[in-house]
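Contents: one structure, followed by commentary.
Here the chain labels run A, B, C and D in written order, and each chain numbers its own residues starting at 1.
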Amino acid sequence: MTTTPAVDPLDVARIRKDFPILDRQVHGRRLVYLDSANTSQKPRSVIEAVQTYYERSNANVHRGTYLIAEEATAALEGARAKVARFIGARSEREVVFTKNATEALNLVAKAWGRAHLRPGDPVVLTELEHHANIVPWHQLVEEIGIELRWIPVGADGRLDLTDLDRLLDGARVVSFAAMSNVLGTLTPVERLVAAAHDAGAIAVVDASQYVPHVATDVGAWGADFVAFTGHKMCGPTGIGVLWGTEAILDATPPFLTGGEMILNVTKEGFTPNELPWKFEAGTPPIAEAVGLGAAVDYLEGLGMEAVRAHEVSLTAYALRTLTERFGDDLVIHGPSEPSERGGVLSFAYRDVHPHDLTQVFDQHGVCVRAGHHCAKPLMRELGVAATARASLYVYNDESDVDALSDAIAAAAEFFST
Amino acid sequence: MPGLEDLYREIILDHYRNPRNRGELPSPPAVRVEGFNPLCGDEIVLYLDIEDDRVKDIRVGGQGCSISQSSASMMSTAVKGRTIDEVRALSRAFKAMMSIHEQSLDGGEEGDGEEAVEGPPPDVKLGDLEALRGVVKFPVRIKCATLSWNTLLQGLDERTGEG
Amino acid sequence: MTTTPAVDPLDVARIRKDFPILDRQVHGRRLVYLDSANTSQKPRSVIEAVQTYYERSNANVHRGTYLIAEEATAALEGARAKVARFIGARSEREVVFTKNATEALNLVAKAWGRAHLRPGDPVVLTELEHHANIVPWHQLVEEIGIELRWIPVGADGRLDLTDLDRLLDGARVVSFAAMSNVLGTLTPVERLVAAAHDAGAIAVVDASQYVPHVATDVGAWGADFVAFTGHKMCGPTGIGVLWGTEAILDATPPFLTGGEMILNVTKEGFTPNELPWKFEAGTPPIAEAVGLGAAVDYLEGLGMEAVRAHEVSLTAYALRTLTERFGDDLVIHGPSEPSERGGVLSFAYRDVHPHDLTQVFDQHGVCVRAGHHCAKPLMRELGVAATARASLYVYNDESDVDALSDAIAAAAEFFST
Amino acid sequence: MPGLEDLYREIILDHYRNPRNRGELPSPPAVRVEGFNPLCGDEIVLYLDIEDDRVKDIRVGGQGCSISQSSASMMSTAVKGRTIDEVRALSRAFKAMMSIHEQSLDGGEEGDGEEAVEGPPPDVKLGDLEALRGVVKFPVRIKCATLSWNTLLQGLDERTGEG
């Protein structure tokens, strides 16, 4: 159990003003957005950065000798530098822009994996992975005949590491989420990375739910690859990030290919470009990178320590008040200790189906997602087909949790008759 | 603005709470077919006992929300005992009802990804199934309501080797 | 030689007002943007559609039971319907959103190609292809051992089809650009598609330079796959399109995999989703699709017949005035007949290097790209390392061509001493 | 706002029009090495005759813009006859000069994708190469100016088996 360092609390009232969508009314109620694990809302500064880019500097990058093309290139590469700094990368060469985290994880499995994995090679995942960190590996099972192994989820939604040594024996890859998108579980990243390396495997971290919420230092993790996605961290859709050490990126062949990622092309073959462009085929998501850079600025302005402290305390408030109000009628999955989890609350209310719950919530302006959250194997382990999931971010406060609480009560009443 | 009562008609909640034809049939001889709602994890398993081009018996398994479960339950009572041609006509009529949905954000009509729907057969009576009409006001739930029908059609196709 | 039907000419002065960037001054001059083959500028309606999406309806798609999630889903799928209509697709199921044309062409080569191509199978390209339609196939040469064949570029920058029958003999794939991004050449799409099918090959059309400029009817083409990209047709970066017939998309295994593209996932395997989502892994480019939908609206508002007529007449003006002014000092590559080409003018001025030319242009506010335009094999056939390329779009008029002409004269003077 | 005269100094245009050490050397014994500017298609071919850790002779082939060609020409005169250590020091000094470039759009410093540059060796005289200092005001052209130097370093590395 770690204690969070004392930082100035977030001024949520002020933050809410930065997010235009939060002014919106739905069904005559204020919008209570509790689905940030799905996608986050965007502050005005991000929306405006995208807009200003299109209005002032839009041009293709790395190509033109004219002024706006230089500006566009500087904007793209400047965003890369911001992202690199934000996650503690050693250089921009380690930061590859993809379209989303899913492409980043596909790149790892298919470009690195196809080049380095052989039939029977063990790849270790965990039972709490998102489909993005499962299905690409399934494809390699079919294609190469790798062997998948699964670190189980134990009680309280934490990884059960009892059998870790046996599971990792002979492993070539250990790929796992830093934070579960269903349970909020924080996994022991450094321990798993070290164990992977001890076993001779590379370590791949799906940090899609982590980077937006917790200060991240990829160097301290010591992993080989880290994937995350822009739209969950106040950034635009259409952009994700694959971070990798230069050594492993150099050892990874190109994935998607075409313009931008080449040094030379003849009728006979091609020579790939330097890092990171070797992995960026075609026109990159330029405006999206600019927006992501602005999102990084925004989060850095808040301070990631403060973001984390806010979410821990709001999660604690939610766990406490919801349990007080609904007792055993409400089952909240995942670690019960707020410091061991993110602000992701998957729950079930008696036998009301999550879809029916969230349908009632909608009438109260409360946005909560119901479903398998792209983690069907985990659902199966939990013994449920779906959960309702409320997830918190910088713009949420206790009033949002209270609105959720009231919405649950309303649904309980609606379906009780 | 559609309210909850448009969606959750009493008859729907009744089928949800007291699902008809719930269970399994030995397979074979019954056709067993599974359907998934990819977006929410609802799963349905149908057991079809088809004889002389007629749905002699049907059982419904799986899990899901009130809409998908009650729709499956209503579907099972509606098709039991019918000929396959009647079932297909009913299915077309039901899907036609489901595809009349709201204008999307941008004024265009939203597709729900189902195959193109032929016009509703004029002389088919939907009966209780009419209660599901309110679902079209909640586009995301349309897939819940059509899941059991799509699964049924898949089962019929597999049986006749069309699938 | 085709004659263009009479349509009302574009009102360029009014159109220019729709593009905020065109108000910009660079180096004290008005911005003369002549690089639309690289990326187009964006009308206000597109920029605002993206902004409004983020401010009003931002949510992840296909997932939430709440109102803004339904709006976001309707916005994404509504954009798909617009694109489908715009290119004459039979249904939205034929329209797959990718991150750019490059991903679309990679999907064809790698998902369809890996599943269907065998060692020695001939794949026929043309010498005027963009790297995006070359390098993925090079990867299959290495991986599978397919054989690449090249339809040559002849005099005047047109495809030389003399040997077509021999080249297509036994071919499995014929993949070619509908319009060259270097020469502007319009290729005989219907003829090549028919020849491909006669030979038993599938036909893949890279329409990246075509869809933005000429009314497109994929049905009339009869091709199997058509790829294009959003940012060249007034749309945002970060989105591209792969159109395919349902038959061929059904016969194509999934490419990138993860969330959204599955029906079911277990620890043992996965079942892919229906078309088109089977090919859309992870959070899609939602805001980008919304922007692309607005771009389609914008272009339909202008009328694609009028767009084409405008570009033909402006290209004719450019060819005539530049040749009159500079005579043999200026070599303009590509077809000399405006109706056989798009508004893409690659040229050389004496022995001044294109980079040096365009550097001078920049001082005059004239944005022209110099380089190999991601078509190095074509450069080699033309016997040049690079060209300067001016490309026209709906917001250009004769004054822009005149500004280019003056900039060429200034560069000539600068480097003549 | 930088003007063209910052970029195209007279001495640069002179090297462009009258390139020094243009041509080829028989290879082997000379090391032959190719460089590409991926962004514009400039190509350079260097022939290095290295003896006793000294660049005894050098020839330059390829094609490109005035900046890449004149930079290659200047580079060839600057390194000819020097020891490899001197050449590396010169290259570091040149690249250090090239990496001091403009603030980018967003206030951050723009990386040009070159490897991290160590501080300039204090006692290296750049001589004529100084004329290329203006290039840093035109970020896209930096790769033109550094192409020949990067190709040279690659040749040295290959020779010593470091590459």
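Here is the rule we use: a residue touches a chain if its C-beta (ideal position, glycine included) is under 8 Å from a C-beta of that chain, and two chains touch if they have at least 3 such contacts.
Predicted model only: the values in this text are computed from it and were never measured.
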Path length in the contact graph (chain B to chain C, fewest steps): 1
Pair joined by more contacting C-beta pairs (C-D or A-D): A-D
Averaged-CA centre spacing for the pair chain C and chain A, given as whole angstrom: 32
CA centroid of chain C to CA centroid of chain D, Å: 35
Rounded Å distance between chain A and chain D, as computed from the means of their C-alpha atoms: 42
Chain centre separation (chain B, chain D; CA means) in Å: 71
Residues of chain A touching at least two other chains: 27, 57, 63-65, 69, 262, 264, 355, 359, 370-371, 376
Chain D, residues touching no fewer than two other chains: 39-40, 138, 141
Chain B-facing residues of chain A, complex: 27-28, 353-356, 359-360, 363, 370-372, 376, 379, 385-386, 414-415
Touching residues on chain A, where the partner in the complex is chain D: 57, 62-65, 69-71, 73-75, 77-82, 91-93, 262-264, 271, 273-274, 277, 290, 293
Residues of chain A defined as touching chain C within the complex: 20-21, 24, 26-27, 31, 35, 38-39, 41-42, 46-47, 50-51, 54-60, 63-69, 99-103, 105-106, 127, 130-136, 138-139, 141-142, 148, 150, 229, 231, 236-240, 254, 256-262, 264-267, 269-270, 281-288, 355, 358-359, 361-362, 366-371, 374, 376-377, 380
Chain D to chain A touching residues, read off their complex: 36, 38-40, 104-111, 113, 116, 138-141
Of chain B, residues touching chain A in the complex: 1, 3-4, 7-8, 13, 39-43, 63-67, 69, 138, 141, 144
